[in-house]
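Each in structure tokens, the structures are laid out below.
Both complexes shown next keep chain A, but they swap its partner, so chain B is in the first and chain C is in the second.
The block that comes next holds the complex of A and B.
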């Protein structure tokens, strides 16, 4: 039975929306009963999806698909479920409206995943860019959702595309209980033009800044430098350094001689890997990287630009950490470097914009202790180099399952 | 099928290789056993033996022989 407040979507708007998978009766979604977190029907669906993704013939061209498939396999989800066993009286909030980003194409799948796992119906607006990975995943999701055994769950999923349109944004915003905005500051600003119902709220993923902390002496002791280069590559070049988790500043810790040696080996190993991977710097990126180097050289004092054999890696060595540094970002392999005996300068430098710190040559526990005492306004994740883009149900400081479900309290 | 046969089958099917290649096989020895192949192998083994592999064991699973020791922790004995 439909709730009275259901508002149908006007025809002229509906015709601008392309359904990629799932339910096209958007207006009826608010009438659906919320699910419980980690509902059995969702786990069954994810497990079947996992089987299809892991064996996908194009998996080697799109390792992100395999990684996602691996993440949603039954044993992995069951393990995640165990860490939420205290959520016995939680239910989904209702309808979640997701605005997926275009910089990391697989991201929409993770957004859908947390939406369903927390018990919500999900309307996911995909990037309007034509992306092969998105099409592969939508085809699989569509085929699965159309199977009779998933007909009930199908009502909870709408994957859609439309060109940027405030009226359509406003329609979906008006029927949602929860809006999840990926894609940075501009997307957040755009969506905020569309009001939400009084009890609904936003989870926003704004522009963020990430960096890497390397202890030079420890790095020099690491045997497998190639593997470390590969880890760093996975955090950066795999997404053209476009992900919010991709480090842009390398903070070297140690004495000058060790740092000099470590830099030489680190950048050389990375360069070899980039050649092996046939990484291509697009002409526009090359211009951006060059112009960033020039800007910084003009604006900051004592900047060094090490000579490079080509434009794969652009390095900018700084003598001080300026507060506007996080605003100066550029994709495709552009790195600022700063060196000091100790990481203490970070405490005044880290702002609200800081998201992920990756590390090499530190122990997890020493960093936990170090950062716990600093009481900083920013920095949401501290992970080993290579794990920057690894998805977690806690993201950007939000425990997504708890945030996206409603607690029913009893006394 | 014995446990060892099931174990071998997971490798053979994940990497599309012959049984003669299994002894001494290590991670990244062959193109098929890269990080993508590894996830495929782990999924096969979990399904075959109905176990949930711990993330540390998935990381430590670096060779055909090492895998046998890891599975013993899950009470999967490949000698029977």
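The block that comes next holds the complex of A and C.
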């Protein structure tokens, strides 16, 4: 059932595209009717997918498959839907074109998820790297979509791979209503070479900066220090401290003596955990971390580099918060530390680049109140330590479901 | 600082104990000097809360990451004392290291290099072929690593001829005339590993030109990275060169613009050697502790030379294996080792793509 004239993809481009799952008639996707947010057919499909993922034999090797499986269960989706009861007259915007990042393989699944939940057809460009996890998920999705009961939904999903190619980017950009770009500043820049139709727009996930706020006195009162170290580990080392949500700066709040004590216990607990997890210090990572430490010690005044037993954790203690600090990042466990009686210095420090603040030793409500009054240009999420990388339908300051659907207004 | 009497020590003749004492003295002295004269160096050591006075073994002297010279201009002299600056050979777009020399450091470089090279080619100056184009050294205002290398090694030769013309084509006539003049004599050749392979070897291989360099001693350096891509190993390099021009004595050297002079030359048994005036320490990535013999790790290089910039102890981005100390069958004392390649970029998870073309 065609709604629009179809712009066919040139043969020579089509031959460079590898279909991993779903519909291979990309050109016809703009003709599809948009779905409503949380469409029943989508929820049914996700629930069936969930069943296969939760008990997947390779779930042991890839816990993110299980996490995603639970996230898309009917009960979980229904719970998420509750926040969107008011979207009675919304529909999807049409075709969404997703560029998934190469370094977090599971990410494409979440991107697809929000695309479908908001009612859009989804063309998802997967990383051209060979990734086991991507292949596992694609196989499952492909099998499900090929079942007769999902034949209609199949038209809404295209999971594809192609080598970086501006012409192909341009083709998909020209037929999409929405472009979702993951992968940071450079990928955004690359994709912006391809124009969008006048009414279409980008949702971009640029390079971001995240940090952790710890109230030393409260931290010292926490009984289970190991649990807290584990939470911090999940926010950082689990993704080699290279997720946009991974804290790179620890802002310690309190008096000097408490902070001194808290630091000692905090880093010791984390170190023990890293040893236990056998976190691998890759040679270049060790050199990168060491180079950053020296570089910063040289450029800033009165930097301190505490002696460490090994290269697992690299700490850089700062005397002041310089505005170029967010540019100085290094993956694999390199942390800046700054201490003050109160967190007030943050208001001038936080820039547009700031994304997630994780916290230890604060109450949610006091932070809500505190930050509400600061009127900062940055900072999109404030979550307890350990939840930094938990996916949410509100991400990077976008309420994705609302953003990716179209409101039809009636008067 | 001005006491350079260490230069009188035999270049490959000190055993581990004597050499350790010399290096500890001199490198400690250099550390103090740079601490006092280079603000940047002082800031880094202060940040580490490092006290040079406590050093009793040069292994404990801090190392600067070699990358730091790409990001900063590090000097331990006044700007008006600079007589020469050198840059590393980076490809376009890459940041290059910038190294500043005063008269003393430049002189030390020359003296140390001379002592090392003498051990391989003897004291007398040999007729010399430079396997490169003369255009590389024409711009003397700014020395590239390639230019600096050529000029540095040129001291050991006479009646020099450049084997390649401006277009990097083999100047066969000049070479033939040169070889005619020096028939039967020992000849010194110098060049960069990749250039030799790409422009000298390939030309001889692909044409039917013949030259006889069976009396030649070739010294080459610059690294194997580009040749690895063409699957050219050290062994293959030697064998193939021997096939096209009969050359039998071939010595690779490992060195970097940040430590010009105290190079590590390959001996007759295929191992790189540290002289009395420099050293390598192989370190573990996990904690930068000293690796065992035979254990691959990150290469730290030390040199007694640098006075004008704080480059006496550097952590490289190369990996290597220490094979022994004082016991090489070639008879030279000191450590002998192999460079096993460049460190790979770390493989990192996370959502910010580290490599754009593959986004």
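Throughout what follows, the second predicted complex is superposed on the first by the 407 of 411 C-alpha atoms of A that agree within 3 Å, B and C clash if a C-alpha of one lies under 4 Å from a C-alpha of the other, contacts with A are read in each partner's own complex, and residues count from 1 in each chain.
The working rule: a residue touches a chain if its C-beta (ideal position, glycine included) is under 8 Å from a C-beta of that chain, and two chains touch if they have at least 3 such contacts.
Since this is a predicted model, take the numbers as computed values, not measurements.
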item: Partner contacting more residues of chain A (chain B vs chain C); value: C
item: Partner chain(s) touched by A:54 [first = chain B, second = chain C, both, neither]; value: first
item: Partner chain(s) touched by A:287 [first = chain B, second = chain C, both, neither]; value: second
item: Touching partner for A:128 - first (chain B), second (chain C), both, neither; value: second
item: Which superposed partner A:79 touches (first chain B, second chain C, both, neither); value: first
item: Which superposed partner A:67 touches (first chain B, second chain C, both, neither); value: first
item: Footprint of chain A on chain C - complex, ascending; value: 40, 43-44, 46-49, 64-65, 67-68, 71-72, 285-288, 297-298, 315, 317, 319, 343-359
item: In the complex, chain B residues that touch chain A; value: 35-36, 39-40, 42-43, 46, 51-53
item: Chain A to chain C touching residues, read off their complex; value: 99, 101-104, 107, 127-129, 164, 182-184, 186-187, 190, 205, 207, 238-244, 246, 281-288, 290-291, 293-295, 297-298, 303-305, 307, 309-312, 331-332
item: Complex contact set, residues of chain A against chain B; value: 50-51, 54-55, 59-60, 63, 66-67, 69-70, 73, 75, 78-79
